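The structure's right below; bear with me while I get my questions together.
Order as written gives the chain letters A, B, C and D; numbering starts at 1 within each chain.
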Amino acid sequence: MTFFQALSHFLREAGLNLVRGWRVSILAVVTIAASLYVGGVFLILSHGISSSVENWRGEARVVAYLEAETTAVRVEEIRRRVESASWVIGVETISSAEASDRFSETFPEISDLVASQGEAALPPSLEISLAPDRVEPPVLQDWLEQLAEFPEVAMVDDDRRWLAQVDVFASLLRLLGLVLGVVLLGAAVFTTATVIRLTAHVYRREIAVQRLVGGTEFYIRGPFVIEGVLQGLLGGILSAMAIGFSFSLLAARGPAQLAGGLFALEPLSWRLLVQVVAVGAAAGLLGALLSLRREI
Amino acid sequence: MIQFFDVGKRFGDRVALADVNFKIPRGQFVFLRGPSGAGKTTLLKLIYRAESPSEGQILVNGRNVGSIPKRKVPFLRRTIGVVFQEFSLIERRTVSDNVTYLPRILGERRPERRRLAAEALAKVGLDHLQDAFPAELSGGEQQRVAIARALISRPQILIADEPTGNLDPELSRDIISLFFEINRQGTTVILATHNPSLRRRGRDRILKLESGRLVEDRIMDPISAEDIPVALGPPDPVATR
Amino acid sequence: MIQFFDVGKRFGDRVALADVNFKIPRGQFVFLRGPSGAGKTTLLKLIYRAESPSEGQILVNGRNVGSIPKRKVPFLRRTIGVVFQEFSLIERRTVSDNVTYLPRILGERRPERRRLAAEALAKVGLDHLQDAFPAELSGGEQQRVAIARALISRPQILIADEPTGNLDPELSRDIISLFFEINRQGTTVILATHNPSLRRRGRDRILKLESGRLVEDRIMDPISAEDIPVALGPPDPVATR
Amino acid sequence: MTFFQALSHFLREAGLNLVRGWRVSILAVVTIAASLYVGGVFLILSHGISSSVENWRGEARVVAYLEAETTAVRVEEIRRRVESASWVIGVETISSAEASDRFSETFPEISDLVASQGEAALPPSLEISLAPDRVEPPVLQDWLEQLAEFPEVAMVDDDRRWLAQVDVFASLLRLLGLVLGVVLLGAAVFTTATVIRLTAHVYRREIAVQRLVGGTEFYIRGPFVIEGVLQGLLGGILSAMAIGFSFSLLAARGPAQLAGGLFALEPLSWRLLVQVVAVGAAAGLLGALLSLRREI
């Protein structure tokens, strides 16, 4: 029997088992699909957040809030001082009025309140864009502290501190996704192994007869291995479809609304979907091999 | 050629076979006799390695059956056609597919398999049932399908365990004639049976078991069909008793 | 009393039985004969409602078997002991538990069941195997366990389908004697068998099937053990042919 | 055979099946446990939130923010006017300074910013406690609108609007929990049915033999029904244990930290746990009955 004959035989037998035992097969397919879906979604989310963080970090900003009474001349002076540093890419001056406008844009709900305080409600500030890669972190740190000690500077707000927190959050999310995905994938492999072991148990007499009349293990076990792989493939395809669908739902709502632009929804890559399917097939294969190790 | 050297087989503390010695030359026709529970099926299972001996050694065509690695067992079995006592058909496959299981593994294509199946089934009078499933057959029909399956690959050794238990006397005689015919073409045949009315021929061998021991080993007289006893004991090269 | 009125059974377009008419009075001993595939097993299955007739009617103890509601079928079957052609033992249960399946359902306690099992197994020479599992038995031993199971509840009707196919002549004779004995105590016995060498008695009935038709129905001569033909045709109350 | 004999027989047989086929049984048990856990947790959460809302609603507050320049006398006047309504339980006057203090307590991070604005940054206000049950909603509504039209009242902030939102959120959570729970429970019933159908399929010959020798359907199917119930019970007990464990973890963190006191963690009732187990058993029973309807 040639390899292709064997393969076509295995496929036919495995297909028959799948169709005859569709109720059990569904269990395996669904657990594989669910685990891949959960793992995949978490990875996409954490990846999206991380890459937003990357983007922001590239254009890291520091805001120096000034005392409300600082004169325009003094502001300009400070601005020039700041610009002289080699790691500063640009500095923008935000007047009190501009600050109020921005605030009411971002939080329209509370804007009434601010409006009632009059013009002086929000202080003017300098928004400083940095290129953090041009300088050693400690040097930058020192520089920021010096900046904060200017009498006119009320407070220095360093975006990057917050970014670091978001980054940790993204890592946690990714870790959680990985752990959940791995646990679920383990469950999926177990389910597949159980389902295949059961199928083999249902047909134990036939298997015994095949052995007795001279069937090789390769020929007898092949269909079960292929059955596992097929279940994995189906599970993978299902979850790839579900991921694609969830993604398009998210994308339709517009990236701006996604957690306040907290994360950048990158275009879904085909590679990821193919990987999901491949992991499914691998899980099915593993389940099949585990079940075959002893029981069939 | 099949040789048993001091073979014993225990299941737990039940002794199924003890001190069995014999040698069956290629091309012989052997009747295996003995009451229910004597150990006939166990003896046959040892030959095609469905069981391993607890003691002693078994040579089949010069190979020590007990020491064949598990991986190679299927290839031993392919040289032996077996009619099992419990028929053992594959429920989910048609009669034709059951009969041609081995040719299929060996890569025979479908038309050729159909031809082979038709040929083998015709020999047992069942060519009209090619596409039936085992559950649709009568007991005797199932038994004959099992016989056809054993014949399909023209094995060097044919083992049949009570193959006429569910057949009427006429059919039984036909089946035995078929086995004789196959034997004439050079196949070694070992036939375990209770049926006392089977036709006898000269030069055929009778082995008789009782409670797991070989108690009789003789060759029938070619002229009178009377039986000539054969010396009991290990066949080759030395007698131990 | 068992009566068949114009009974026919088809499987798809295969005809297993056609136009079968007979009447077996209570306490009769009936041999059911016929070549492989003649329809013997099918006829027996109709009696215990493992199959339903395609045509005609069947009365068992005055009840129309075909119209018993599914729910009541088990109670019909409990009045009939059956030795199936394929033995049909429950793999996961010991010999003893197999034999006492029905007493257990009926609420018999364990010590009593053990006693019943030992008694029934002793009748077939297997009391030493009470705690073995079916897979550990030889073919003939399994067959005898199935016989013991059929006897356990002292049924009004005993049906045995080729019960000696795996037994040596001596054991076969013992089993048939056992059936005769049971028959003497009033049980109707129907025995499908190919075995031509079974002991015959006067007043025993022979039904012979061929290709699904009843071709012979006679009662053996009590003196010469020669057979006396019985008129073929519907048994009661009028002849239709 | 008496009822108790039958039951003990069923239990023994079902137990044997469970132990022999533990691998499949685990599938059923775990899906039942998981679905009950998810459903239970959602119900507890939404229940906690709802009952917090109930608490708050009993003491509903409306805050009237006043213009910064309002004189103390005028404030007192407004206060008396407000108090005259029969549904007002109490009114507290919050001065600008008090407001600032509160703000920096609640949001310590941004307090620097507020501090830099001087005293006038936050307006004074009146905190009005209401008994909403003493008045028809439309009347209350009118009254609030009149209040807002006072020239000194800059804005009326009605807590209850927010509470209504929280309430909707709790309902949504409960709905989501119910839907998820029901879907998962459906999956659990399906899994149980499949597992039992499979067990029956594995032993199909034995079942056929039992029928042939006169076993009744009651006697033959009983063990499978009990098997389903046992699986359900096990699943229910597992999830009850998991719920109890999760709950004690939450409780250990202290109720204050739970979503900023957003919800009140009520003591876990034994009744709930018993209900979870009962639902599990019912799911197992249902699965078993479904599988028996046709296949066995």
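Here is the rule we use: a contact is a pair of C-beta atoms (placed from the backbone, for glycine too) under 8 Å apart; a residue touches a chain by one contact, two chains touch by 3 or more.
Being a predicted model, the structure only gives us computed values, none of them experimental.
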| item | value |
| --- | --- |
| Distance from the mean Cα position of subunit C to that of subunit B, given in whole angstrom | 30 |
| Mean-CA-position distance for subunit D and subunit A (Å) | 28 |
| Rounded Å distance between subunit C and subunit D, as computed from the means of their C-alpha atoms | 65 |
| Where subunit D touches two or more other chains, by residue | none |
| Subunit C residues counted as touching two or more neighbouring chains | none |
| Chain contact topology (line, ring, star, complete or other) | ring |
| Which pairs of chains touch, using the document's own definition | A-B, A-D, B-C, C-D |
| List of subunit B residues in touch with subunit C within their complex | 11, 14, 34-37, 40-42, 85-86, 136, 138-141, 143-144, 161-162, 165-172, 194, 196-197 |
| Subunit A residues within the subunit B interface of the complex | 1-2, 5, 9, 203, 205-206, 208-217, 219 |
| Subunit D contact footprint on subunit C (complex, rising order) | 48, 50, 71, 74-75, 77-78, 82, 84, 88-92, 101-102, 104-107, 149 |
| Subunit D-touching residues of subunit A, taken from the complex the two chains share | 23-24, 26-27, 30, 65, 67-68, 112-113, 116-117, 120-121, 123, 154-155, 187, 190-191, 193-194, 197-198, 201-202 |
